[in-house]
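The following pair of complexes shares a single chain, chain A, combined with chain B in the former and chain C in the latter.
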Partner chain A sequence: MKFLIDRLAFRNALQRVEMGIDRKPTNPVYGGILIEATNNSLQLMTNDLDMAVRYRVDFVQVDQPGWAVIPGRELVDIIKDVESDTVTLTLNDKGGVELQAGEDVCDLVTFESSAGRGAEERSESFPLVPALEGDPDVAMDKGDFLVMVNSTRFATSRVQDTRFATEGVLFELADGQATMVGTDGRRLACIHRPTTGGKGGKSRAVLLPKVLDQIYRFGQDEEGDTISIWFLGNLVGFRLGNLESFGRVLTGEYPNYGNVIPAAGKHVVRAHRESFTKKLRLASHLTQDSAAVVRLALSSNNMEVASEHEGRGRASANFEVEYSGDGLKMAFNPAFLLEGLKSAHSEQIELQIDDASRPAKFLLGDDFSYVVMPLSSLV
Partner chain B sequence: MRHAESACSVLHVDLDAFFVSVERVLNPRLCGRPVVVGGAAATRGVVAAASYEARQYGIHSAMPMAQAMRLCPHLIRVPGQHKMYARASKAVFDLLGGYTPVLEKVSVDEAYLDLRGTEHLFGRAVDAAERMRREVKERLRLDLTVGVSRNRLVSKVASGFAKPHGLFDVRPGQEPRFFAPLPVKVLPGIGPVTQKKLRDFHIDDLGTLATTESWFLQEVFGRYGPIMKRRARGEDATPVCPAWGKPVRKSIGQERTFAEDTHDAVVLRGRLQAMLEETCARLRREGWLARTMSLKVRYADFTTETRDVRLPHPSDHDLEWWQAACALLEKALRRRTLIRLLGVRFSGLQRGFWQGGLFEEERIAQRSRLTVLDRMREKYGAQAVCAGDRLWLYKSP
Partner chain C sequence: MSRIHKLDPVVIDQIAAGEVVERPASVVKELVENALDAGATLIEVSLLEGGIRRIEVRDNGCGMAADELPLAVTSHATSKLSAPSDLEAIASLGFRGEALASIASVARMTIVSRPEDASFGMEYQVLYGRPGSLHEASASKGTRFVVEDLFAELPARRKFLKRPATEAAHAQAWVERLALVHEGVGFRLEQDGKRCFEVLPEDDLGQRCAAVFGAGLAKNMVQIQAQADSITCTGHVGPPESARRDARRVHLFLNGRWVRDARLLRAVREGVKEFVPIGHYPTLYLSLQVPPQRVDVNVHPQKTEVRFRDERLVFGTVVRALRQGLAAAPWATRMVGTVGSTVQDRGSFPAPSWQRPQDLSAGLSSPSSREGFFPVPAPHLPMEVAAEDRGKGEFLSVANTFLFRAVAGGVEIIDQHALHERVNLEELRRELRQGQVVTQPLLVPALVDLSREELDLLLQHQDKFRKLGVDIEAFGETTLAIRGIPARLQRLQPEKLVLDLLEIAQSHRQATPDQIQEEMLFSMACRGAVMAGDAVDAEALESLLRRGADLPQDRTCAHGRPVRVFLSLEDLERAFYRR
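Showing the complex of A and B:
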């Protein structure tokens, strides 16, 4: 294998597959990048068994086809630091790789390579993933998908729950509509968007957030307006332009989210997102780090956001809202509200409340609901 | 919150042999005789407070009662009346609160006062202190010892120096001279381990400690070394913080010494359950949630072990803590030594609000049940409803 590639194109490609490199590999090959050079294109692949990324780079001068699994982290770091415009990578007969960038030369080992074998022979130790062929199960607007990820990812649990797979994001398909849900058990974000193609039918998978983070990070730069998705048993595959990402499906049970989204609240408040955010941020400066609380008090066309930090002081901020019901008081974790408001799609938001002890529903855009469990007073 | 400045204005007040003094107010026949307050020797009680007459026999607080009785056979023991002590303490601090609002209560019988700004009302701090002592004696018949200086540390050491029923005033600038001859152990924060280390380097008094090079102390004691040196010179910038200026409570807990040392898992689990129930009920009553629980185990050979556990979310619910507590007890039982004392302590306290979950109907329902149980216990007594493990404690012999 021998090829010459533009350094920036190579660096960008490596950035896209970098998240699939296992940082603490049980088998060295999981910490490697499989590079396959074929007719004027290069395919890079990583797989840490939780997620796999495959990326194709065109316009590469391939002098000799072949493949090699190269130590991933080292290759990424080297390509970040070399200064030449192009890079040449050559696989020698002994199974080593020479990387030449201008005057600089680095020799890297390979975990497995086509040296001494045919270029068409496949790797035996690198965990390959299926090709994304045929009609996808679903196709949808790329922008819609990225909005769905951004609207739900923040609400997922950061720790593993013993009961539910809430560290993942639920992705559901039914009746030409895609639904994405993220929850950590105390708040829940749910968003629906239409699909534009694919086989249709019903499908459901709890996705590892890591793969969604990767798609969100690089998806915008990929060519094309459509994302195609394949459900492959214990994997879900996504294709955007030249980028193919695969995520492991979490096997745990996902909570029945439909039960906790209130249908419609007795009390309806309409507020300006920016004003609400500013008042919340102000009040949150005077909350305890370990137990942050803000109290919302609703009266006719007014919302008071109040907080208190024992030993530091208290804050009270008022702003105008659309509300005509009775006086109502609730308490929330300010971080939950601020994170939701940050992801809102519309400037005007709606808050629906049944009573102070029941979950409150925020409508933060078209088909985007955010449910937050209020805090109950102990005294 | 106010920082002590150059003027002599910080007082440390300490009620002498407080529990015993209250008992003597209630029963004057105890005056002039060796008296201790504490549990009976038969129930392995310990001395909670000893009169100065009893102290002459070598009796001190936390000493097993049986040992105290051996040291002084004609010792008079009275059981504690803690509600009465709390009332007396409140009366004293209400009286002292009339001198300054900047009063930081550190225990039932001890407080710091900052008298800055009260000179026009009560004159010099030392005169105000004398007046306080007189007033407490006349109105409540209790002895008060006061240390006066320009910071908390020196006032605290000064009051210890002035005991019993004395007053000691350390003038500004005299702190190093006052501290120099005193042994290092009088400095709060220097315990037996540090003392031993200091002794190894022939540092026995505060004067020597104050003149030891900072780099040397840093090398031996780390970050605390240079701080220790400053404190040995009588320097302390800690302000007097009244209750309204800071969150006071850091932990809530209780501990029990068994009538007989035991390794019986049933008895230990029962006792643990009882302590958890009672302490969690207290957490709920006072509106706290705890992040960490510590289990303290003292073995028959007097070695003490403390183990901590944290829940993913703060809780005041004994059932939520129960499994974690049992796991800690299991570990404690691996040491095949009889257990003398068991204690439970909750820390990482936070106040005010409880975060329910969207998918935790059972947890929310449990919380409602707990509220009902608490009301039942309030009405019919703590043992009216209890967990099964605890019943073993009440079984008939």
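Showing the complex of A and C:
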């Protein structure tokens, strides 16, 4: 194997596969990057058994085809720091790789290598993932997909639950519509977007958040407006342009979100997103860190956001809202509200409430609802 | 066939001796207590072979007159009690009148005594209970007891003695105990001709603690005190690091008498809960002053067990003294530079140059804004971290468990789980004081399958749970629905919490509601905390440290394990042989 590649193109490609490098590999191969050089293109692949990434780089001058599994972290760091415009990688007879970048030379070991073609068929130790071939199960607008990720990812649980796989994001397909849900049992975000193609039918999987983070980070830069998704049993594969990401499907139940999202509430409040955010932030400066409580008091066309920190002081912020119901008071964790507002798509948001002890539903954009359970004082 | 007859007085004394004289240490204890009752200000004890061969106790007390000597060694002869009513209020250490007779019945005893007004002393010998001769002898003021060949005529008893070194250690323990509590009296102990313990009559309690516990530890002990009614409780308690699994370092004194009462020890454990790991006892000197008529020390011949007229009041005072003292201790707060530290000099150390001194930051550039490679000159800072400096500074997280931070004078290491647990506990308590813990109802109730009995038991506590922010209700006959959990415990897994609560309810059926509530708070604080090994982002850590700095104490976690450990520069220098 021998190829010459533009350093920046190589660096970008490595960044895309970096998340699939196992940081504490049980087998050194899982901490490696599989590089395969074929006719003027390069394919990079990583797999830490939770997620796998495959990325293709075109416009590479391949002198000899071949493949090698190279220590991943080291390669990423080296390519960050070399300064030449191009980099040459050569597989030598002893099974090592020589990396030449201008005046700088690094010799790297390989975990497995071959001068021939077909790394994915012939590699013995590198964990492989299926090729994404044929019609995808679903295709949809890339922008829509990224919005869905951004609108639900923040609400996922940060700790592993014993019963529900709430650390992941639920992805559901039915009747030409895709649904994504994130919840930690205290609040829940749910968004729908139409699909544009694929086999259709019904599918459902709880996705690993790490894969979604990776797609969210790099998806925007990939060519094409479509994301194609394959359900592959215990894996889900995504393709955007040259990027293919695979994530493990989380096992475990997922709460029935349909029961959680209330139907239209009795009281409706319309508020300006930015004012609401500012007032919440103001009040949250005078809350105790984690058990932060803000109290919302609604009166005719006004909302008061109040807070108190024992030993520091109290705050009361008022702003205009569209509301015509009776006086209504409830308490929330301000972080939950702020996170929701940050992900809102529209400048005007709607809040639907039944009473202070029932879940409050925020409409933060088209087909994007966010349900937050108010805090309660039971005595 | 043997006929019933009255026992020979010597045999009676030997039987009684079984209760009083177990080993050389008990002889030492009895003789030293006699010397103290005689008003001595200097007591010297010397032992040969751990006291098995020879015990000598000299004092400069009031001495005994010639006619008192033979009487002293007969049983039930004492100068300390006369009327039955005296038993109601015993103020002296001895009173039963058994000790000398018991000792005399199992050893060769020689008494030499001279009262102050006599011009010469008298010597009296008793051989295994058989009175010997009384004759004049030269003597200085006071009394000298020599006890030789203990149990030589009772091989059955002698067999149970341990090695001389062990017996010597037991004897020394008694001398130390008595030396601790009798301020104004000097003690000297020699073993096989070598001096191994000494306090001078003028030594104060601090110096006595230093002699008994070691100077390094005594320096870090804090004073405790509480008073209720006519009961006074004073003492010194050592830092959590000095706690041990056994109670050997607990010295409890009741009206100057060393006692080892199981229930008093329980009060001690209660008092140091949260400061000392569970199952450990602190290093403690605790002296209780209770009016003699309100306590019965005549429970056991060794007088180490006692009965109080108003137990609750006494134990309450002990618990209060310990809690208040510990809460106010310098090592109970976030101050650094006290515990575990070998820093002698509280003067100023140069702050490590990588640490940004908050109070001086206006005039200095911070390391992050530092240009070039020229180190910022290290400012001199006092040992203790300034109030505004607490909970700030740059942290290094090791193994997602420990946080290292440079502080003035050394390095502080924090256990993230222990800190979070303490923060949770104190904040939950604060919420509880204000009424109840704020509940975060769950969108989807968590369900736990239980047996009928378990479900019933939990539902009995439903109201208590509600106050603690846990909202439960029955969901069918064997399923429990958890509808809400405390809002501040973001990391809590409801199912695990409820199983913990169930266990507490099961194991504390006899406990008071307050005790159960405390246990539940502990469990919630622990379950809701980040675990060792959990990755926590920098912002959350900062917030945690800030909240820790707001607490009344963040030195130990709810289970009494340390939250913070401080290594002084001197500790570090020692580790690198720079000292």
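In this section, the second predicted complex is superposed on the first by the 370 of 379 C-alpha atoms of A that agree within 3 Å, B and C clash if a C-alpha of one lies under 4 Å from a C-alpha of the other, contacts with A are read in each partner's own complex, and residues count from 1 in each chain.
Note that in this section a residue touches a chain if its C-beta (ideal position, glycine included) is under 8 Å from a C-beta of that chain, and two chains touch if they have at least 3 such contacts.
Since the structure is predicted, the reported quantities are computational estimates derived from the model, not experimental observations.
K.L.:
Both complexes share chain A, so when I overlay them there, do chain B and chain C fit or clash?
P.N.:
Aligned through their shared chain, the two binders clash on chain A.
K.L.:
Quick check on the superposed pair: does A:359 touch chain B, chain C, both, or neither? Answer first, second, both or neither.
P.N.:
A:359 sits against chain B and chain C alike.
K.L.:
Contacts for A:263 in the overlay, against chain B (first) and chain C (second): which applies, first, second, both or neither?
P.N.:
neither
K.L.:
Who does A:375 touch here: chain B (first), chain C (second), both, or neither?
P.N.:
both
K.L.:
Kindly classify A:158 by the partners it touches after superposition: chain B alone (first), chain C alone (second), both, or neither?
P.N.:
In the superposition, A:158 touches chain C alone.
K.L.:
What is the contact status of A:331 with respect to chain B (first) and chain C (second): first, second, both, or neither?
P.N.:
Both partners, chain B and chain C.
K.L.:
Superposing the two structures on chain A, identify the stretch of chain C from 111-119, 525-533 or 543-551 that clashes with chain B.
P.N.:
After superposing on chain A, the clashing stretch of chain C is 525-533.
K.L.:
For chain A, give the residues common to its interface with chain B and its interface with chain C.
P.N.:
Residues 159, 163-164, 183, 185-188, 255-256, 260, 288, 290-291, 293, 310-311, 331, 333, 357, 359, 371, 373-379 of chain A touch both chain B and chain C.
K.L.:
Give every residue of chain B touching chain A within the complex, in rising order.
P.N.:
245-247, 284, 287-289, 291, 312, 314, 316, 348, 350-360
K.L.:
If you look only at chain C, which of its residues touch chain A in the complex?
P.N.:
Where chain C meets chain A, its residues are 427, 430-431, 434-436, 438-444, 446-447, 466-467, 471, 484, 486-488, 490-491, 493-496, 543-544, 546-547, 550.
K.L.:
Going by the contact rule at the top, pick out the chain A residues touching chain B in the complex.
P.N.:
Of all residues in chain A, those touching chain B are 159, 163-164, 183, 185-188, 255-256, 260, 288, 290-291, 293, 310-311, 331, 333, 357, 359, 371, 373-379.
K.L.:
Help me check something: in the complex, which residues belonging to chain A touch chain C?
P.N.:
158-159, 161-164, 183, 185-188, 255-256, 259-260, 288-291, 293, 310-311, 331, 333, 357, 359, 371, 373-379
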